[in-house]
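Naming follows writing order (A, B, C and D), and every chain is counted from residue 1.
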Amino acid sequence: MRTLWDKGYEVNEKVRKFLVGDRLEVNAELTRADAIGSIAHAKMLASIGILTEEEFEKLQEGLVEIIELSERGEFQLTIEDEDIHTKIENFLTERYGEAGKRIHTARSRNDQIILDTRIYTREKLLKVEQVLLALCQALLDFSERNKDVPMPGYTHLQRAMGSSVGLWSASFLEALLDDLVLLKTAYKLNNQCPLGSAAGYGVSIPIDRQLTSDLLGFEKVQNNTLYVQNSRGKIEGIVLSALSQIMSDLSRMANDMVLFYTSEFGFFTFPDELRTGSSIMPQKKNLDVMEVVRAKAKIIFSYCGLEYSLIESLPSGYSRDTKETKKPLLEGLDLTISTLEVCELVVHQIIVNKDKLREACSPEIFAADRAYQLVREEGMPFRDAYRKVSADLNELKKMKPEEVKNLIISRDHLGAPGNLGLDKLQKQIDEERGLLEGEYDFLESKYSSLLGERISLRN
Amino acid sequence: MRTLWDKGYEVNEKVRKFLVGDRLEVNAELTRADAIGSIAHAKMLASIGILTEEEFEKLQEGLVEIIELSERGEFQLTIEDEDIHTKIENFLTERYGEAGKRIHTARSRNDQIILDTRIYTREKLLKVEQVLLALCQALLDFSERNKDVPMPGYTHLQRAMGSSVGLWSASFLEALLDDLVLLKTAYKLNNQCPLGSAAGYGVSIPIDRQLTSDLLGFEKVQNNTLYVQNSRGKIEGIVLSALSQIMSDLSRMANDMVLFYTSEFGFFTFPDELRTGSSIMPQKKNLDVMEVVRAKAKIIFSYCGLEYSLIESLPSGYSRDTKETKKPLLEGLDLTISTLEVCELVVHQIIVNKDKLREACSPEIFAADRAYQLVREEGMPFRDAYRKVSADLNELKKMKPEEVKNLIISRDHLGAPGNLGLDKLQKQIDEERGLLEGEYDFLESKYSSLLGERISLRN
Amino acid sequence: MRTLWDKGYEVNEKVRKFLVGDRLEVNAELTRADAIGSIAHAKMLASIGILTEEEFEKLQEGLVEIIELSERGEFQLTIEDEDIHTKIENFLTERYGEAGKRIHTARSRNDQIILDTRIYTREKLLKVEQVLLALCQALLDFSERNKDVPMPGYTHLQRAMGSSVGLWSASFLEALLDDLVLLKTAYKLNNQCPLGSAAGYGVSIPIDRQLTSDLLGFEKVQNNTLYVQNSRGKIEGIVLSALSQIMSDLSRMANDMVLFYTSEFGFFTFPDELRTGSSIMPQKKNLDVMEVVRAKAKIIFSYCGLEYSLIESLPSGYSRDTKETKKPLLEGLDLTISTLEVCELVVHQIIVNKDKLREACSPEIFAADRAYQLVREEGMPFRDAYRKVSADLNELKKMKPEEVKNLIISRDHLGAPGNLGLDKLQKQIDEERGLLEGEYDFLESKYSSLLGERISLRN
Amino acid sequence: MRTLWDKGYEVNEKVRKFLVGDRLEVNAELTRADAIGSIAHAKMLASIGILTEEEFEKLQEGLVEIIELSERGEFQLTIEDEDIHTKIENFLTERYGEAGKRIHTARSRNDQIILDTRIYTREKLLKVEQVLLALCQALLDFSERNKDVPMPGYTHLQRAMGSSVGLWSASFLEALLDDLVLLKTAYKLNNQCPLGSAAGYGVSIPIDRQLTSDLLGFEKVQNNTLYVQNSRGKIEGIVLSALSQIMSDLSRMANDMVLFYTSEFGFFTFPDELRTGSSIMPQKKNLDVMEVVRAKAKIIFSYCGLEYSLIESLPSGYSRDTKETKKPLLEGLDLTISTLEVCELVVHQIIVNKDKLREACSPEIFAADRAYQLVREEGMPFRDAYRKVSADLNELKKMKPEEVKNLIISRDHLGAPGNLGLDKLQKQIDEERGLLEGEYDFLESKYSSLLGERISLRN
């Protein structure tokens, strides 16, 4: 096939392969996004008289067919197609002649690929929210079940104070809800329509950028045409930065699980279906899955840093370096989704070993409580109480399980083991779910209008 | 002086120095934040009967004095003081006896340092917003003055299409306004009150965390006590991630300026007060300042990555690794502020060389406009128009300056050179300034109540 | 198929997929390395009586067949095979019964995958050296051709002093020769035989680790069995760090080329086969390939950082996180090779625009030379000479091309434009080539012995 | 004072402060290096007749005095001095008139600061080697003392096989000896004399670069003058990359120590002088120092990445961005030295809890040994033996301590617990110490010649 910029010469084979890299595979995923964007663009072109209504309908039909072909795996890019945009234009031109040649009016591959990425990212971010909320629910349920189960609280990995399994698990839940704030900010910044910026300097055609943006359900037009180009990689970095925070929290949770699963701690164990064996040590059953979660967190963060470094030294305006911003974004989104899913699966199945936990709540971890008791009951200044307890740690006696539990739960100010605030957290999860459903409904109605058929984005 | 945890033995000198590192200097900056937080904490302790009203008043007086001493440079940490918290408690105990020994009731240095950092960061983030908005205004004014000045638009650093100086400068303005969204999200997540989490497991005292939070003007209590500890480094990373985006935009702007200032481009020049010389080449006048902006951007990003890496592999609960999260945050905030200030200074003084710019708008950059003309005026499909123009590039003639300008400005859809939307951007800047002033007013009133005197956070 | 550690239960499908990730594809590349390592291991087992000579021969035959199948694409991993080691053991057991079940004696998949990676990396590093030396040769030839072609030398991207095209190109040649030192250090550290460390704690079999190491042509046995495991990711990071330095140099060279190819500089141009076009701007011919080189450099460095971060927080002994160390290494090696190849291709074809270069050598860049002249000829102290020239820059007159060239070339101390030392550099390249050929010969003879047939590693 | 490039105008105060940053403090450390380099440069200038012998002697005298003043803290940079080079030239000019004005002949601040950094780095790298070898010795002694002390070996942090404390500690020793290879490569690449490259394009004076290089004891002249400039940041990055590997190993060792010091593991404890307390929990004694080691490792790696990112996108030739390459290098060197020292201190004082270790060697960790026994004694194929043991793990009985030890030690192939090869490692340490002393002697003799007095670099 012919490149869109064909000038009658061939690019060196080695150079061509080097430029394409693994783009082939990556672009295929964006086919649906590209087709939907093209329909909206065509509709706008029709509204300003560049296309006739009939031409628009033909192109719409062709683009819907491309989506279907693509879903059946029959619209594969080959090394001959320069990219997905070229393949689609060539397909439409072959099928519909003139109309096909007009589809690229008033846009460039530069704004088109940004549009595709924004559409694709938007849908994946909703999916991230969905699985994140599912994990939040799993953590909340687990916290509820284990809110009264004593666990030593650690500082410096040394036993510090009495804590609870519920406090531990709910801490990740709250972290994830903070991450959701970042996720929604990234969603908002991604949700700007770049189309019409063309190569970064606009077009000499009186296009209606607001219309295209509205048709595609974007929150707003990304205004300055040069900024649109310069924001490539930037928005990607912002998305990956939000994903990194999620992954960092999961990494720490995974790290704790690996530790709590050791013979030495022994607080948690897991069903066989979550464990793997060794090729030479017959007794081993490892929690590999949580180790891989840690590793994936590092991968996502390296992707985030890569986005940043790819663009920070570029001059204004499009440079080809930015093509490398796509792969880390796409992989990062998928990895985050699968990691969240795996974590949800694991959280549901943690087996809590209450005996080991109780045993680990050794008397000295109640030293601070004892000092506070002296403050409360005898009015002793805290620093004196601290010194008194410090001087005679042996005074701290082994307590009965029930006493241990009660002492821990008696710390009941906001956020303490005896007052996790799970009801409020449940309410927050429910509200976020409602907002998410609303956004799904909104996008589905927009896409359905464009495609002329009802489609679902929730899978 | 005595450590708060004194147990009758000395820590090895080498270890002690290794642990302190350059913390001395860093902590001094946090003295005011620590004192304000301590007043709020004392007031809350008084409200639940741990301190008498009289004790509270003494402590408040002592803490106000500490702030004054500190501002006069008379409250310096030495290697003997373990940290600022210790120094303050020791000062208060020496001065007020019992009351001083009670100040640490129901809190730990762990939640205290987080509180100090949040208070400090909050104020610095407002300052970042302030100087960012000042730079936005400078960019807007510059864009207004230069909106009709033709400039070649580049892709791949090759002349691509006709653009304008105003489009170039306004692109950074819009980028910075997007960054402001990130900045405000970081502000929001930072604006959670950690106090009362103590060492991460709460305290056996019925403290009123909501009251302390309200007294200090936080948006909400950061609930789960373990999450509070785990969020150390996380919030810092989120703040630095927002700063990184700002710096990345400034880096690209700086990069463009360095390029446009070359003899070869020659689009911009700068007054002498912004340029430095060489020790061996008599003719040199360099724009070092913009090179340093680029470098600082890399430093900020490395700080951002450092925050992330410091915590992602830690077990839940406090570990000393997190003490290293403070320095990159504090330096990052200051560096971003000074970089924004320097950029504002430079943007105001760019000297635009219209002749060089005009000369650079060579005929071939209007090839796309010519193709669009064929589309508009002759109804030719875009791909055919592209090929026609491509086949005879010599047809593109040199135009008169006025024609060049008019052609560029005739691209007037949303965000194009002829329609930058500066009015809307001015409105947005003004609104953001209003919000910023409101937050300053709110915090000043809170702090003034605590200190018993009117203080200003705007400098 | 059956896992090697089969315990009669199934791992959850989601977990299994998450664990495998994209390992399938990656491992296939290591098949040959694994088979060669297995032959050496079997030979050692035979030498200590664990295998009979006959069993060894069968296994050798089977392993040679696996290599052949693999090269014909007929030994593909599927999701059912846990990994390449499992597939090979299962294949051998099916084919040869008992002997197959004995092949895993005295090793673990943990030391086996490290061995595979070391063998694979060793060969790829030789390839990197080969293409690096080819690029050095291209740079040397280009420098020789252009050693007398004047070019402005820049500091701060401002014209600074007269320089030459040859000085510019030879600077990269010397950088790459320094990189070669790093590459050879990485080769050396990688060239340690890990086999026999098993899961990190050795085996209760009196294996002869030195023999296996010698058979495989390693420089030495990597001794401490736990260090072997802990060095996974470490050696990978060291390799990628060396590759990063190469890529950083290529990135800067690419950056210069992009700049020198602008209309404004215009120093270099390139034949069409190295340039690509735009879909909307008919006139564009871009040097995308050099932009992608820059981007790839950033990718390699992010891989380097990833290796480091993956392992730095792990406890001693194998953790599954380390499986993620493989992909960045393998991709990093391939990317560096293809980037070096592309750069060699481009360097050969740079078209030097002598007119533009001459024009850019404006009189003021000889100010320092003028000051030195005053020092040399009039004995004036340098600082006085500097000030005298500085005060009257207009005294510097436009020179004839020949004068410009002569003045530049007259700077002829070591390493200056007039004395590039290309002969010495050629000698160094030749010596390195000789060493490389020697290492190829050595490894080929070792592999040929193991496989019972002559094989070539040079392609 | 006057800048070297004084042109009769003042640089804007804000810009000046932004440019200087924290350079003041940093540069002071380089004073001695600068003075030594200046003496060598002056001697060379005398050898080619630019200075008289008498002038050289004056300058030498003045420079020696500067070193003495600087060591007494009486040669402090102020904000008025632009940099150390300027301050020194001004000092010499004031003192010796003409001779002072001639010192800057044939060099630029660009090559001068590189020279200073190389000299400074060279000395610090020797110090790193020295403390690294001291830590190696501490690890070797500890390994020797504990080579027969059983310890569980872990994979996935699960007990895997019987191991020994000596195997654990010797694993870090071998890692550090590999790091030493990297360190020496970095030393070699740093040990190239940059002087004479001036601003990157050489000078119009027939300088003798080989002589200066020899006088300063460099291994060779760094030839290409442009490469000298481009290698700024590159060499720094290579040094920091070597330091990162050291720190990564120390981080893992520290991580293990923190884990082994938990109540749950309880393998190690430490004397009070290495532990610190908590302000609210009276019972706590924490190993903060090893947590800080982990954190410092991350800081060093972030510095390494920063060096890389600072330069990878720069055009050829000096840019001011590179001034930021100095601080991370200097801090990185010092941090690595202090971390190695602290680790040595700690390794000497580890208290090994043999009872806890013995207890942790639970029977199942000998499952693989049992399988190997079946292979050895009954000739059973390994896979069958594995399955047999796997099917009846309860067959593994608790052994007596002596049996446990003997079983572990019976694994005695190269590098296994029973054969650590400590003698060979001691020999290697001794050899490296000898080489280090030789290099110290060589540099001291060179410096003594230049300064006219005996100086010691070993402290």
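Here are some notes:
Following the convention adopted for this analysis, contacts are C-beta pairs under 8 Å (C-beta built on N, C-alpha and C of every residue); 3 or more make two chains touch, one makes a residue touch a chain.
These numbers were taken from a predicted model, which means no experiment stands behind them.
When the interfaces B-D and C-D are ranked by how many C-beta pairs touch across them, C-D comes first.
Set against the C-alpha centre of chain A, every other chain centre is closer than that of D.
Chain centres here are Cα means. That of chain B falls 33 Å from that of chain D. Between chain A and chain D, the centres computed from C-alpha atoms are 38 Å apart.
Inter-chain spacing, taken between the CA centroids of chain C and chain D, is 25 Å.
Among the residues of chain A, those in touch with two or more other chains are 4-7, 104, 155-157, 160-161, 198-199, 203, 259, 278-282, 284-286, 288, 291, 294, 298, 301, 305, 309, 312-313, 319-320, 368, 386-387, 390. Across the interface of their complex, chain B is touched by residues 155-161, 258-259, 261-265, 278-288, 291, 309, 312-313, 360, 362, 364-365, 367-368, 371, 386-387, 389-390, 393, 396 of chain C. Those residues of chain B whose C-beta lies close enough to touch chain D in the complex are 3-7, 9-12, 14-15, 17-19, 21, 85-86, 104, 107-109, 198-199, 203, 272-282, 284-286, 288-289, 291-292, 294-296, 298-299, 301-303, 305-306, 309-310, 319-324, 338-339, 341-342, 345. Of all residues in chain D, those touching chain C in their complex are 4-7, 50, 89, 93, 98, 101-102, 104-106, 110, 153-157, 160-163, 167-168, 170-175, 178, 181-182, 185, 188-189, 196-210, 221-231, 234, 237-238, 241, 244-245, 248-249, 251-252, 255-256, 259, 294, 297-298, 301, 305, 308-309, 311-320, 368-369, 372-373, 375-376, 381-384, 386-387, 390, 407, 410-418, 420-421, 424.
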